[in-house]
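Once you scroll down, you'll see the structures, which are given as structure tokens.
Consider the two complexes below, in which chain A is the common component and chain B and chain C are the respective partners.
And now, the complex of A and B:
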């Protein structure tokens, strides 16, 4: 008669071992973790803290993994208000619409200085804003602690982002080089009235208004009333923020390839 | 000064309080308060309060001890934030449960639903009224302490079944039935192991049983009885690997599924209370109670309350072994549980009774020594 042997009941094995072996394993584990369990007591101990790593990895002989926050980690932003040119590029590039440009003190009264305010409740840490920032003043740091008790605390004002900047944390060093075939600001000459709005609002002052000759009046033709000046864009200084296009009253500026 | 006992301590305390109260009261009230009847009655109340407070404190400490030990077995730290090394964590948990609402199912029987956990806790607390914890630190010379303690201990399945049935929940009922079956099955080997100790010691009085262990502790010659007792105690306490009545994977939470808030706290508290009773009984029956072997220098036992200290140390070590077993072994099946109970534990218990009888006949056994001569 065939006897059925199930996995749990092996008749060849000594039943004493069923109890003794797991208990020996548990005792071994207990002895191993008696003085230092593998748990890292997070708020008090941090993997990236070199002092702690020395203590644990060297003193107790327990390697605890790499424990490093890479320099290109995308954490909380750092904003250097002093170098920010209020170009709005971070806000344009944000796919989550979490950046709002708010006024900070320091600009002239007619054209207030505006810096990004970031809502971390919406932010997806894609890093487009820091890639888009032409001056490198908005970067992402290795700070990863964001827990707050109020939802409104998740919104970081420019001043608060500046505080992060002052902590000198490692910042995301990746800077995209400007593409060679980048579009430029072109001018539709007949529409321009020479109002100076683009040159006034350009954050990098790369637009200069040059005088153009006033044409002679021909018979039956009316000379348009305008200021006889024309914007000239310095492409090497231009950050392609598009502020000039948005402020132009006649919509005579547009993107295009310069011949 | 004679040795301090639990009763003398509470009587002195009562006397002090009565005379302090009497000194500020008018003479008629003073005579009433300081009369011997009132002082004695008050001393009994203080006596009970001391036992209750010590029991509750120890049970909560026991939970902390289990959490810390279990943490180490699992390569982590247990509770560690509230208080020093997490000592106050269980108080915080208790306060949380105390503030929560107890929701009674609509179809549940209110009498059994509320009576079950309450009686479960009260009967388990009552055991501590009769267990001695050091020489003189008990309720007095009851000749049948052990029998009484085990009798009260055996009440539990009734109350578990009452509360499981009144919950009107199939998981509760299944857990309660499992609990009753398991506790009754393991009552027999438990008592057989106790009988072998009683045969050797010749008494049901726990003080006498401890006194009889002055030459050697009983765990050496009665190792079989110890194994049977610990296994049966694990089943009685419903701890892993015998926690079938509250198998979370199968029965939600077993017989206390429907309980929340304070009544759930009663159940959890009483589980650990019974674990404490089990550890105390193991120490008393097999590990010499509050005494230490004769080769230990007298420095260790000469200071006041040394007996209680060593008793506590032993109790916590024994409970640590229970935790070790819990950390190592998986839960058994019902058929395995009952087969181990009836096929292994009862024959082993009978063998250990036989060994105990031989021990009494032989008087002296190498290498342990002799039983004390009466």
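And now, the complex of A and C:
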């Protein structure tokens, strides 16, 4: 049965009362606002200030405290360069392609360390990068003030993101558990040439090259020219970044379920 | 007097967004109108084809920016059907809670903008103040105030915080009192009735002929609500009424939306109670492995190789705050949707503008268009 809607506030016959009713309602609110406005005096009162949260919420007459709210806010990123393993997962997971991996000092010259550089002109603050970060070194903070005078200032270099990290702002406490049924890196054995590229570039060093026996030459058969080693992936250390797949020259590594 | 065309928009306070209403007038009387949409077209359907299933959620918040979670729900329902995934029950209840809170937030936003159109400034401030509470609540578990990016294929990103149920109940109690104030400010005011009664009449037959849905259709007396007629999520398990009014005019739309908010509060009290007593997982267990529960775990390259997934087609229809929204997702066995198509309710509601504007005065256009509740981000997509 459909709801019978009736006007709860029937207009009174007296036209003066028509105006008086809403004005009385507004006057009640006006009396309340003399003690404390519903708004927050922004530059002087800041919601992310932990001491101020409860005070503001209670004083302005709001029914809920804002205290617990702000820690998981998705603002400017904080990057801990020291623990970044250059796995590229943040770059891969970015829907807006605003993350670029740039070289930072600290790596060895052959394999330089790369950390994310974020263009906040493109960023949509979706948080997929910090969700994907396996080490928890890229997180989002409560900083939201981003106005700049030059467009190039919107690009935050890894060092600048590291400075945000050093300010110890409240960071997003929610860490998502990795899914139980993730894919593993599998090897297509006949294609592998044992070139060591995957083990060399693995950010977590979870690939080891194991010796395999060189087969005996049979009559009429040629032994393929290759290094007699093959990669073995340690699944518990693997962060599923896919670097090994992209560097493999023979495309012999692929995603799949380990039997 | 000679006739003339005038442009109301794209920069006009009445438009609530970026669109243009061309009006042919004779003096004060509206003879013909021609709504022009498309100023805000971003190609969301095409961009979706180049993204992972979960990454499309970021676009859904930008589709309708006052009802982001309702659109996330719409897209997620369709893509879950296309990918053959069933979410856990707790995730479905969380989504329902999100959608109903979003309905309240969207209707309060409409209330604030609409009363501002007809010249009442005080209710505008009240509305914006109370909508803030809904946003605070959303922020406590999504981490953002407008672009939530909360739902994922197979569930939702994270569980609700332990304080959520208490805070939600406090907000609901607070809002119940505020809705009474809203009625005192509007229905008790002669200004409101003089500007809104018997305006913009669109009868039930015309509504159905032009595909007009949502509160506009229900204000014409048609009892049509997808939550009742085609229940999705767990709407079959909650108890609520469909708000219907008879007038088919601006006042009737006001009544329907206010009643819908009260019914939303009724639904929310049930879902919040359920959520308090039924802890559990919020993510499906048997996802396609490459979907990688909360995020897409690997890069763009490397996944198309040597993989072949189950194909499928998904369709969903959701009673969004503005009307019936529909989504169609085609899964061709890759990690990107092959095709995504959306049906926007406001596009149909606005396109029928000629039916409910012609014959009224120029000064009547802002309240009538305000009662339609246009959100142009969703119309143009």
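Operating definition for what follows: the second predicted complex is superposed on the first by the 193 of 259 C-alpha atoms of A that agree within 3 Å, B and C clash if a C-alpha of one lies under 4 Å from a C-alpha of the other, contacts with A are read in each partner's own complex, and residues count from 1 in each chain.
In this text, contacts are C-beta pairs under 8 Å (C-beta built on N, C-alpha and C of every residue); 3 or more make two chains touch, one makes a residue touch a chain.
The structure displayed is predicted, hence computed values, not measured ones.
**Q** Based on the superposed arrangement, let me know which partner A:246 touches: chain B (first), chain C (second), both, or neither?
**A** It touches chain C, and chain B stays clear.
**Q** Of the partners chain B and chain C, which touch A:92 in the superposed model: first, second, both, neither?
**A** The answer is second: A:92 touches chain C but not chain B.
**Q** After superposition on the shared chain, which partner residues are touched by A:131: those of chain B (first), chain C (second), both, or neither?
**A** The answer is second: A:131 touches chain C but not chain B.
**Q** One more residue to check, A:22. First (chain B), second (chain C), both or neither?
**A** Both: A:22 reaches chain B and chain C.
**Q** Applying the document's definition of touching, compare chain B and chain C: which contacts more of chain A?
**A** After superposing on chain A, more of chain A is contacted by C.
**Q** Scan A:38 for contacts with chain B and chain C and give back first, second, both or neither.
**A** both
**Q** Thinking of the overlay built on chain A, is A:182 touched by chain B (first), by chain C (second), by both, or by neither?
**A** second
**Q** Shared contact residues on chain A for chain B and chain C?
**A** Of chain A, residues 19, 22, 25-26, 29, 38 contact chain B in one complex and chain C in the other.
**Q** What residues on chain A touch chain C, complex-wise?
**A** 1-3, 5, 7-12, 15, 18-19, 21-22, 25-26, 29, 38, 62-66, 68-70, 72-74, 88-89, 91-93, 95-96, 124-128, 131-132, 140, 172, 174, 176, 178-183, 240-242, 245-246, 251, 254-257
**Q** Can you name the residues of chain B that touch chain A in the complex?
**A** 69, 71-77, 80, 324-325, 327-330
**Q** Quick one: which bits of chain A touch chain B in the complex? Just the residue numbers, please.
**A** 19, 22-23, 25-27, 29-30, 32-34, 37-39, 41
**Q** For a test of understanding, state which residues of chain C touch chain A in their complex under the given definition.
**A** Where chain C meets chain A, its residues are 51-52, 54-55, 57-58, 122, 126, 129, 133, 136-137, 139-141, 143-144, 147, 149, 157-158, 161, 163, 167, 170-171, 173-174, 180-181, 183-191, 193, 223, 241-245, 255-256, 259, 263, 283, 285-287, 289-290, 292-303, 305-307.
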